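The structures considered in this document are given below.
Same chain, two partners: chain A is paired with chain B first, then with chain C.
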Partner chain A sequence: MSGSLLLQSLILGILLGGLYALLAAGLTLYFGVMRVVMIAHSAFLILAAYLAWYFNRETGIDPLLSLLVTVPLFFVAGVAMQRLLLSRLRPATLTMMSVLLTFAIALTIEGLLGYVFTGTQRRIQLDYSGSSFEVAGANIAVVKLIAFGLAALSLLGLYLLMKKTRFGQALRATIQHPEAARLLGISTDRIAGYGFGIGLATAAVGGTALALDSTIYPSLHWHWIGPLMAIIVIGGLGSIPGAAIAAMLLGVTQSLLQVPMGTTWAQTVFYIALFATLMVRPQGFFGGRLAQRF
Partner chain B sequence: MIGPRNVRQLTISSAACIALLAPLGACGLDSGNGEGGDDEIVIGISLPLTGDFSEPGKGVERGYKAWAKYVNENGGLLGKDVRLEILDDQSSADRVASDYEKLISQEKVDLVFGPFSTRLVVPAAQVAKDYGYLFVEPAGAAEEVFTQGFDHLFYAAPAVADDHYNLLADKILAMPADQRPKTVAYASMDDPFAMGTAYGLKDKLEAAGVKTVVDEVYPPNTTDFSSIAAQIADSKADMVVGGSQYQDAVNLIVALQQLDYQPKLAAFSTAPTNPEFPKAIGDKTEGILSPTGYTPEATYQQNQEFVEYYTELNGTAPTEDEANAWTTGEVVAAAVEAADCADPSPECQQELIDYLREATVDTVVGPLSWDAEGRPESAHMIQQYVDGKIRIVLPEDQAEADFIPVKPAW
Partner chain C sequence: MRSASKAPDGTTGTSGTTFDRVLLGGKVLLLLAGLALVLAFPGLAPDAFILSVGVTIASYAALAVGWNFVGGFTGYISLGHAAYSGLGGYATALLIIDGGLNPWLALGVGALGVAVVAVPIGVASLRVRGASFVIVSIAMVLILLLVSQSWADVTGGSSGLRVPRPFSDDVLRPEQHERFFYLHVALVAVALLVWWAIDRSRFGIGLKAIREDEDKAQSLGVPTFKYKLVVFVISAFFTALAGGMYALWFGYLDPIFQFSILIGSYMVLMSLLGGIRSLFGPVVGAVIVGYSLEYFKNQYGDSQFHLVALGLMLGLVVLFMPDGVLPAIGQLVNRFRPTATSIREESAADLLARTTKTEPRQAEEVSR
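Moving on to the complex of A and B:
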C-alpha cells in the first residue's frame, strides 16, 4: 500500500466513520431512553433520503433545505410513535416486542416507498456530487465533507442538549433511573416520548446526509441496520459518545482493511468486533451495565 | 390492565396499520388459479420485483406484460388468450425455486418464462428441468448457466456474458500501440453475470499483454465504493472496467470522480444503458462505454413494431430488460406455433425444446439460434455516450456515432 493510498483511505475512513456515528446516534438513544431495539431506524433513514431526493426533484432546490421540513416532521412522528405504539408494550417484554413492532414498521416503510416511488434506484443529482479538493495529495469529496459536517453538528447539538439543558438532565435521569426520576417529579413518559422524537430527528439528518452521496432504493435499509446495531453494542447500548467513538473506529478500520483484504472481508469487521465485544465486554466499551448512564 | 379507552385506541391504531398495508397486499400478491381453461394459455413467471434486483426485475416484468398484451390484441397464441402468472421471488435464489415449483406442480401452468439474472436463473431452470419444461430466459448470461447440463434452456439475447465486450476487445487490440491502454483496473460485483462480462474482457486483454493493475470483487450489497475507487485512482490505470449491475456502477463512478481519477477509457456493464443513469451522473457521462444486447434504434422489422407498441403503451422507449423479456416471449411463441401445442404434458414441452434446438427465430434483437447448451450465437453491440446521448459505436457497420478513443474528463 503506497503512502498516498494510505492517507486517502484514512481520510475516507474518517468521513465514513462520521456518517456512521450520526446514523447510529439515534439508535443508541432509543435504547438508552426506553430499552427499545429500533429495527426501523434505518428504514426512517431511507425515508428521509427519499424525501430529500423528492424535494430536490420537485423544486430543484438543494436537498439540504429539506431538513427544515423533515427534522420537525420526524420529531413529531417519533413522539407519536412512542406515545401511541411503543408505550403500549408491556414493560416486562418491551425489548423483545419492540423488535417485532419496529420490524413491522420497517417493512411498512419499505413497502410504501416502493409503492409510491417504485423500486427504481435513485440518486440526487448535484452539481457538486463529483467535486473534491486536494489536501496533501488526498482528495476530499465535498458531499462527504458536508455529510461529515452535518454529523458533527448534530452530535454536538445532541451533546449540548443532553448536558446543558434541563430537558437533557431530565432525559438522562429517565435513562439512568426512571423510578427515581418519577419521584423527583419528572414526567418520564413525556420525556421518553421527546427522547424518541429526538432519535428520529437524527434519522432525518442522517438520511439526508446519506442521500447526498449514495444511490437509494427502498430495501437499502437492510444493508445499514446490521452495521449500525454492531456499532451501538460495541459502543455500549445507550451511550452516544460510545456510539460515536465506535463508529469512527469501525469506519476507519473498514476503510483501511479494504485495501489489503478486499471489500467482502472488510465488511466482516463489524461482526468480528461485535463478537469480540460480546465475549470480552458484553456491556460495550462505554456504557455501564447495559448502559445505565449517558 | 387495559381500560375501554385503551382498547379503542388500540383498535384505531391496528385499523390504521391495516389500512396502510392493504394497498401493498393488493399490489404485491396476484393470487389466482393458474390452471388455464381451454380458452387461455397460462404462463408462469417468477421475477425479482423487490430486493437487490428489483430494478431490472421490474423492467423484465414490463416487457413480459407488454408482450402478452400485444399477443392478445393480435389474435392470441394458437387462437387462445395469454395470461401471465407473475410471482415475486424477492431476489432470493431459494424463493425463486419454490416459486417455479409452485407454478408448475400446483398451478399447472402451460408454459414458463425465466426470471432475471444468473443467480436466479440457475435454480429456476433446475426446477423446470425436473418437470421437463421448456425454459427460455431473458437474463442468465453467465457461463455457469450453460455448464449445468441443461438441455431445455435457451437464452433469449444475442450473446453470453463472457462475450459481451468482444467487439470492444477487438477494437482496443486493433489500436496503434501508442494509443492502446497499457494498464487496466477491473472492479466487479460478485455475481456470475457481472463478473463474466468484466473477466471476459480481462482474459482477452491480458492475453494480448495489457496489464491488470487492480482486480477487485465486491459483494452485491456494497454501497460504499470510496475505498475501491481509491485503489483504482492510486493505480492510475489507463482504463477502468466495471462488471456492474446498476447502483454499484453509479456509486463507483461518482466515487472515482470525487478522487479526480481520469481514465482514457471507462466501460461498465448494464448500468449506462439504464435511462436512470444520466439522471444520476448528470452531464459527466461523456465517453462512458457499455455493451448492449439491445437498442431501440435497431432496424429489424420486429423491433420497429415492438418499439412503437411499447412506447405507446408505456410512454417511454424500451430498454434491454424489456427487450429481452419480449424476445423470450417471441422465442417461446415461435416454438408454440411450430409445435402447435402449449400444455404442461412432457410430450408437448419436448416438442417445443426440439424445435428451438434446430430453429432460427427472428426477434427484436435480430435472428437468434442456439448451441447445444443454449448459448445464443450472435454478438453484443458496444454503446458509448457521445454528445450526451448513448449511441452504438461498434460494430462499425451499425454505428450511430464515432468511437471516442480518449474519454473527456468527467
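Moving on to the complex of A and C:
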C-alpha cells in the first residue's frame, strides 16, 4: 500500500467515522433516557435520505436545505413515538419489547419507502457531486467533507446542549438516575420524550449527509444498523463518548481494510470487534454501571 | 410477570372440579380435532398451490417451535435464528452435493454440525442479556449473509445453490408436497414432544426461573449459564433441522432469503402471537402469521407492501398482546370458572392453624 493511498484511506475513514459517531450518539441517547434499543434508527436515516432526495428532485434546491424541514419533523416524530408508543410498554420487559416494536417500525418504514418510491436505486445529482481536491496526494471528495462537517457540527451542538444548558443538565440527570431526577423536580417523562426527539433529529442530519454522496434504496438500512449496533455495544451501552470513540476507530479500521480485503469483507470488522468485546469485556469498553445489565 | 405466581400450565391447584374435567376434555378434543385436520389437510387441499402453502406454514411452525426453546424458556429474544435455519439448509445441501451423503443422513449430520457451531456462538452471546443479546443475534445473521454472498466457491454466492431432490424424479410435484408436508408435521411433533418434556423437568423449571429473574435464579443455585447454553444448542439443532428440511423441499438456496432478518422476525412474531409460554403457542402463531404472509404476498405481489403488513402486525402484537393469543383465551376461559371468586374457601382460622403448624417444622429443617 503506497503512502498516498494509505493517507487517502485514513482520511476517508475519519470522514466516515464522523457520520458513524453522530448516528451512534443518537442511538446512545435513546438507550440512556429509556433503556431502549432503537432498531428503527437507521430506517429513519434512510427515510431522511429519501426526503432529501425527493426535496431536491421536486424543487431543484440544494438538499442541505431540506434539513430545515426534516430536523423539526423528526424531532416531533421522536417525541410522539416515545410518548405514544414506547411509554405504553410494560417496564419489566421494556428493553426486549422495545427492540421488537422499533424493529416493527423499521419494517413498516422500509415497506412504505419501497411502496411509494419503488425499489429503484436513487442518487442525488449536484453540480459539485464530482468535484474533489487533493491533500498531499490524497483525493478528497467535497461531498464527503460536507457530510463530515454536518456530522461534526451536530455532534458539537449536541455536546454543548448536554453540557452547557439547563435542559442538558436535566437530560443527563434523567440518564444517570431517573428516580433521583424526579425527586429533584425534573419531569423525566417529558425529558425522555425530548431526548428521543433529539436522537431522531440526529438521524435526519445523518440521512441528509448520507444522501449527498451515496446511492440509496429502501433496504439499505440493514447495512447501517449492524455496524451501528456493534459500535454502541463496543463503546458501552449508554456512553456517548464511548460510542464516538468506537465509531471513529472502527470507521478508520474499516476504511483501511477496504484496500486489501474489499468492501464486503472489510464490513466484518464490526462483527469481529463485537464478538471480541463480548468475550473480553461484555459491558463494552467505556460503559459504566448502566451497561452492566443490558 | 403476572402469570409468574401461577403454575406453568395455568391451573391454580383447584384440580378435580367438574369445570376442570370439562376443560381438560375440551382441550383433548380440540387437540384431536386439530391433529385430524392437519393429517387430513393434503387430502382436502384443492390444488398443488394450496398444498404448497400448507408445507410453507408447516415449515414456519417447525422454525417457530425451534425458536421457542430459547425464547419461551429463557425469555431471551433472538432476532437472528435465521442464522441456524440458513446454516442447516446450507449444511444439508453441501453434505449432499460435496459429501455425497444420503439426503436424510445429510439433514441429521448437518443439524448436528450446526449444534456444534452454536456452542461457541452461545458462549459469546449468552454472556450478555436483553438488548445486547438481540444485537448480537442480529449481527450473527448479517455476518453469515456477508460470508455466504462473498464465499461463492462453496455457497454459490448470490446466484444461489440448487439442492438435489431426495425423492426420485418420477414422484410428481403434488406428491412431493404431500410427503414433505407430513415430514414437516412429524418434525414439529418431535420438537413439541421435546419442549413438553423439558417443560416438565427440573431443567425446565431452572430455565423458567432464569426467564423470571436471572439474578435470583443464580443466587438460588441454578447453573444459569450452563442451562442457557444447553437450551440454546437444542434450539439451534431443531431450527437447523427445520431449515434443512425446507432446503430439501424447496430445492434452492439463496443467501438473501436464507440469512434474512425477516425469517428471524417471522419466528419471533409467530411465537409471540401464539404465546411463548404455551406448548402450542408457536404452532398457532405460525398458522395465523404464515397464512397472512402468504395472503399478503399473493395480494400485493412484488411490491414491498407485505413488509408494512408484517411490521404493523408485529407492532400491534407487541403493544396490545405481548402474552399471546393462547394465554388470552386461557384467561377468557378462566372467567367462567365457578370457583373463581374473591372469597376464600377456607376461613382465616383454618389458614392460621395451617401456617402455624408448618412454620416450626420449616424452621427445624433450616436449623438442621
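A few remarks follow.
To be clear about the criterion, the second predicted complex is superposed on the first by the 290 of 294 C-alpha atoms of A that agree within 3 Å, B and C clash if a C-alpha of one lies under 4 Å from a C-alpha of the other, contacts with A are read in each partner's own complex, and residues count from 1 in each chain.
Heads up, the rule we're going with is that a contact is a pair of C-beta atoms (placed from the backbone, for glycine too) under 8 Å apart; a residue touches a chain by one contact, two chains touch by 3 or more.
Predicted model, so just to flag it, every value in this text is computed and none were measured.
When the two complexes are overlaid on their common chain A, residue A:Lys144 makes contact with chain B while staying clear of chain C. In the superposition on chain A, A:Val259 contacts chain B only, with no contact to chain C. Contacts of A:Tyr30 after superposition on the shared chain: neither chain B nor chain C is touched. In the superposition on chain A, contact is made by A:Arg88 with both chain B and chain C.
Applying the stated contact rule after C-alpha superposition, one finds that A:Ser214 touches chain B and leaves chain C untouched. Judged by the touch definition given at the top, the superposed model places A:Val99 against chain C, while chain B stays out of reach.
By the touch criterion stated above, A:Ser4 is placed in contact with chain B alone, chain C being left untouched.
In the superposition on chain A, contact of A:Leu274 is made with chain C only, not with chain B. When the two structures are aligned on the shared chain, A:Ser131 is found in touch with chain B, with no touch to chain C. Chain A uses residues 85, 88, 104, 108, 111-112, 114-115, 119, 218, 262, 264, 267 to touch chain B in one structure and chain C in the other. Note for the complex: chain B touches chain A at residues 6, 9-10, 13, 17, 20-21, 23-24, 27-28, 49-52, 54-55, 57-58, 190, 216-219, 221-224, 226-228, 230-231, 233-234, 246-247, 250-251, 254-255, 257-260, 276, 279-282, 284, 410.
Touching chain B in their complex are the following residues of chain A: 2, 4-5, 8-9, 12, 15-16, 84-85, 88, 104, 108, 111-112, 114-115, 118-123, 125, 127, 129-132, 134, 139, 141, 143-144, 213-215, 217-220, 223, 254-255, 258-259, 262-264, 266-267.
Residues 31, 35, 37, 39, 85, 88-90, 92-93, 95-97, 99-101, 103-115, 119, 218, 222, 225-226, 229-230, 233, 237, 262, 264-265, 267-268, 270-271, 274-275, 278-279, 282, 293-294 of chain A are the ones that touch chain C when the two sit in their complex. Within the complex, the chain C residues that touch chain A are 1, 75, 77, 79, 124-125, 127-132, 134-136, 138-139, 142-143, 146-147, 149-150, 261-262, 265, 268, 272, 303-315, 318-319, 322.
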